[in-house]
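Shared between the two complexes below is subunit A, which pairs with subunit B and subunit C, respectively.
So, the complex of A and B:
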């Protein structure tokens, strides 16, 4: 349940928090406008010469807060002059809170970013250029590609913190009961849909795959299509491959998967469905492992079915605020948080995503744990990773695609028409 | 001395309304994403609004919302007021009960309606099912999302309209009504020709306030639908929120806020002008 991009976008956000968030947001706007929010948490230091570094994160709550605590304690023991103060927010609220804090001049010293948001923060000048620190430092502990991903114009703006992949979870007991063979890495869409139909029964859904942007760009790649034209100037997801991908997603709600009306805005509906043993197949991320360790049935994972394999892999990074007064301490903390042995061990022991380290031995233990038995599916997913389409106006693009799919799923528009219109709108956003 | 007595309302008004308003006017002339630096663009944000289909759609949705909400809340409130005006015992109790939703937080009310109108588990659809009717998808469906919000809004504001109209009803002189009765006017005739005309000042007040609130509708939309599905219930202020906090287009959001302000201002001025034609203060 650790937050990561896709499924939390689909869930209605925690309901109470919406209203509260709105009020907080308006209060903040008023404060910004009146210049009252100048007070900053970045320069707190206690009398004993201790430096306090604030760290804001979305991926720790709710399953890994104590695990993060362990890492913080280890860091503070090794660096007695630095205190780390952790604040968490659920993914759905995180970026609103971060944005308003930055705008109000009260940005946390260090904070977590996913790749999509990293781009807009780096280009907006909200992140400290770490190059001065990294120049004196040896970053060879990290996988080179991960370090590279968080550079802009040759400057290092963030350190890779973790990565995760989306796979197909399945409930073995339900497969046994329905007499259907377990999914394999060779499965195609048709195999999945056929199995889903057989597995769907009274009170049991065969499959769950949200109908939204993050599933769409991936299934588009699985259909052999591409989101943008080669020069990146045009959205091309309305071509036949895109229509096929959308139709694959749309085939599920109401037949083998609950509809939006069935879900009725219930938070974590799919997670609870799977945990209760009422969902046979579930497209979700490896961040769910920790939350599933006590379920009373057998389950496993497999790389997502498709004739052309393409998987979603998500990278999170951590950055230092451009306005911090404690840049040295902040950098030290992030280095520890992302590459220390304590972190790698904690992540492995608690199945808390994967550390972006160069040496596979550092997290070999992760792949020996069960459940799920087939953790090597993650490596297959990473090998076939398809990059998330990223543009400067990211959230608008995501909303346009998701809305088009919503119109198609409700039957308001034909799939072809909805995608054509969406592609036109996205192309206009790029310019 | 005057300033001293004004201060409790003037200071918050200046600090939290006027200063932010001027601030947003300034922001509306810039391109700004909250986290970067502001870039001067002059009136470009306003010009872009004209061709922004999403903004127009949000305005249309807002007008549709008002078109559904205003008659519902007015007729409902009037009906309640007339009924309560006849009740002699327990009037205060009923009045308090109907006023309770008015003073309840919008988040609470919106969540309650969201549950009542839950397509699969909600009590409304369960009752409909008992009568053999398959209920709609309410706030999860594109057709019913806006009506769901209208229903919740009318329910919450009913008490407010009722209290205003009830006060107006109680000011209608009994001797005039009595005289009409003696002259042989029936109940409907008395209402149409005496009560209703004498109620026009209260009606005017209710309509002006409801229209202003209607244009600014946000909380219930944000909690119940978030503007969805597929933008079916995206109203102007929801759009302002999305532009600011989802899309980082604070300049566009501020421009849209100012356009909304002008629309409300014009509508209100027109109403005040027109009132001479139909509101009677005699």
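So, the complex of A and C:
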């Protein structure tokens, strides 16, 4: 077959018209892609006399999107001139997205931040100083400590939005079976370890506390130590208190708790262990309550054992972007979102963390719900909350500490050495 | 006997490759996502998947974006490939090398400048902004240029004798003979768009534009994750690409066989 006849063959088959059709189809698709592309956001903001406030959040998806909707609807009913447009992203990817938007000058009007990230956003100038608004406002509805946590240099850069606390979960049935008394608020580390040893049996682990940064800074505080020196310029967690805290954490894996090898990276290993009734004590957060509703055994919670009480409380806050054009509407929305009755009731009713409010009436009903019976333990945890150590290069610091603990738990280095090296690295990060 | 051994070996390797998919499927039908014996299958996770996100909308988005992006990429890459393979113009090779060099720049580096560019064009949170950066593909140009160069020049010359210009030569001589390469590249482009995460994450805001990888990521909470629902989402999102792949793969093999006969 010659090339010439090949060309004619294609021609005769009517490929030309087919080709044209294909081209036309491409052009059409491209048109559709650009034509119908504008989001409804732009349409809404063009409506007469209406302000659109964008709110970017990580804590709503996947389980509380409809709950947030309820709060938005209530706000819009009370403020008919403001429309709130919610955008969500999963926690793991949220900050990639937010960072790009802020760097690209397209930050959403309002957005959520956890405490660790709040500090770097506030110091980088991405957040609006709310002091002008808060000066005219009465913030006494919030728990004072929470409001204080989101101040920098006397300026209010965010409003507290919610909090969760870490407590000690325990399986009552396993305690009964082993003949061990239930944990109380007076328990110390030694009580916990002694009970854990008695509770550990064939197929049952006595205790579970992950060996990582978040457990370490808390146990460090329980040991009476401090993560940084007074002027905040030096990491001091390698002092004897830090060694004691690390040793307390390291005493568990392989004796009363599964080892890293046992866990093998299985997601939610500890959650499933507890749910199956094979774990007696479990250090975890109150966000687990909802998932434990239907387990076939009795369980309760208590404030974490320690001679000096110190608890981890995770706080989320909401901030206004420094570049927003709707600061008044944005502030109004955040005030409603964080302190309205609708929000408090929605959060309590759906176990969506807790509202950061001072008035115990805001939690009405929360402490009557069971299980667990001892929900008051949360208040004890909040009273003894120890702030998360935060620096600008947060993630690196957390990784350094967690890796040092991992080296120690695997026996690759002595606890003292691992902590000393980590402290040196963290001190270098601060500078 | 040796045949049997080969089959046995291939079966084992095949099962190993299939392992993750089988596990994903089993986990999606198991409460909590932790597979244990005996199996206790339930489709509850699929129901919850449909409840927690506008799944069909997300699926249609993904399909539409992938189809449009693939179609545009194939067209632009094929045209550029023809130009680089057939036309002579000043600085052609230098331009091509620079073009290839852009392959070395990872997306992570480009995200912020690209975002600012899209914002300048007012394309943030639009399908157009999502698709635009994918339209021109350096890899596609490189890949298709190789294929275009393999088409004998004598065919062009014969077409010229028949009075064809570049457009006709491109559309009716070179393009049809590049079909296997086009199909292969189309698969690559489709998969890249289907799996794209970082750029859609950054450029999209409105939930109604969400694509599947974003939807799946949204199933992870700050503190907890329902793994069976995540696995159910993974299963459903793998199915379409599997279909596309199987169909296109047959086409590729057929095209390769046909050109081999020439």
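In this section, the second predicted complex is superposed on the first by the 358 of 431 C-alpha atoms of A that agree within 3 Å, B and C clash if a C-alpha of one lies under 4 Å from a C-alpha of the other, contacts with A are read in each partner's own complex, and residues count from 1 in each chain.
By our rule, a residue touches a chain if its C-beta (ideal position, glycine included) is under 8 Å from a C-beta of that chain, and two chains touch if they have at least 3 such contacts.
All figures in this text were calculated on a predicted structure; none of them were measured in a lab.
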{"item": "Greater residue coverage of subunit A in the superposed arrangement, subunit B or subunit C", "value": "C"}
{"item": "Which of subunit B and subunit C A:265 touches, first, second, both or neither", "value": "first"}
{"item": "Which of subunit B and subunit C A:135 touches, first, second, both or neither", "value": "neither"}
{"item": "Touching partner for A:100 - first (subunit B), second (subunit C), both, neither", "value": "both"}
{"item": "Subunit A residues contacted in one complex by subunit B, in the other by subunit C", "value": "15-16, 19, 25, 29-30, 32-34, 96, 100, 103"}
{"item": "Contact set on subunit C toward subunit A in their complex", "value": "32-34, 52-53, 64, 67-68, 71-72, 75, 111-112, 115-116, 119, 123-129, 131, 152, 154-155, 157-159, 161-162, 164, 171-173, 175-176, 198, 201-202, 205-209, 214, 217-227, 229, 262"}
{"item": "Of all residues in subunit A, those that touch subunit B in their complex", "value": "12-13, 15-16, 18-20, 22, 25, 29-30, 32-34, 96, 99-100, 102-103, 120-121, 123-126, 260-265, 393, 395-396, 399, 403-404, 406-407, 410, 412"}
{"item": "Residues of subunit B touching subunit A in the complex", "value": "15-16, 19-20, 23-24, 33-37, 105-107, 110-111, 114, 118-122, 137, 139-142, 218-219, 222-223, 226, 228-231, 241-242, 244-248"}
{"item": "Subunit A - residues contacting subunit C, complex", "value": "1-4, 6-8, 10-11, 15-16, 19, 25-26, 29-30, 32-34, 36-41, 54, 56, 58-59, 61-63, 65, 85, 87-93, 96-97, 100-101, 103-106, 108, 114, 164, 266-268, 271-272, 275, 285, 287-288, 291"}
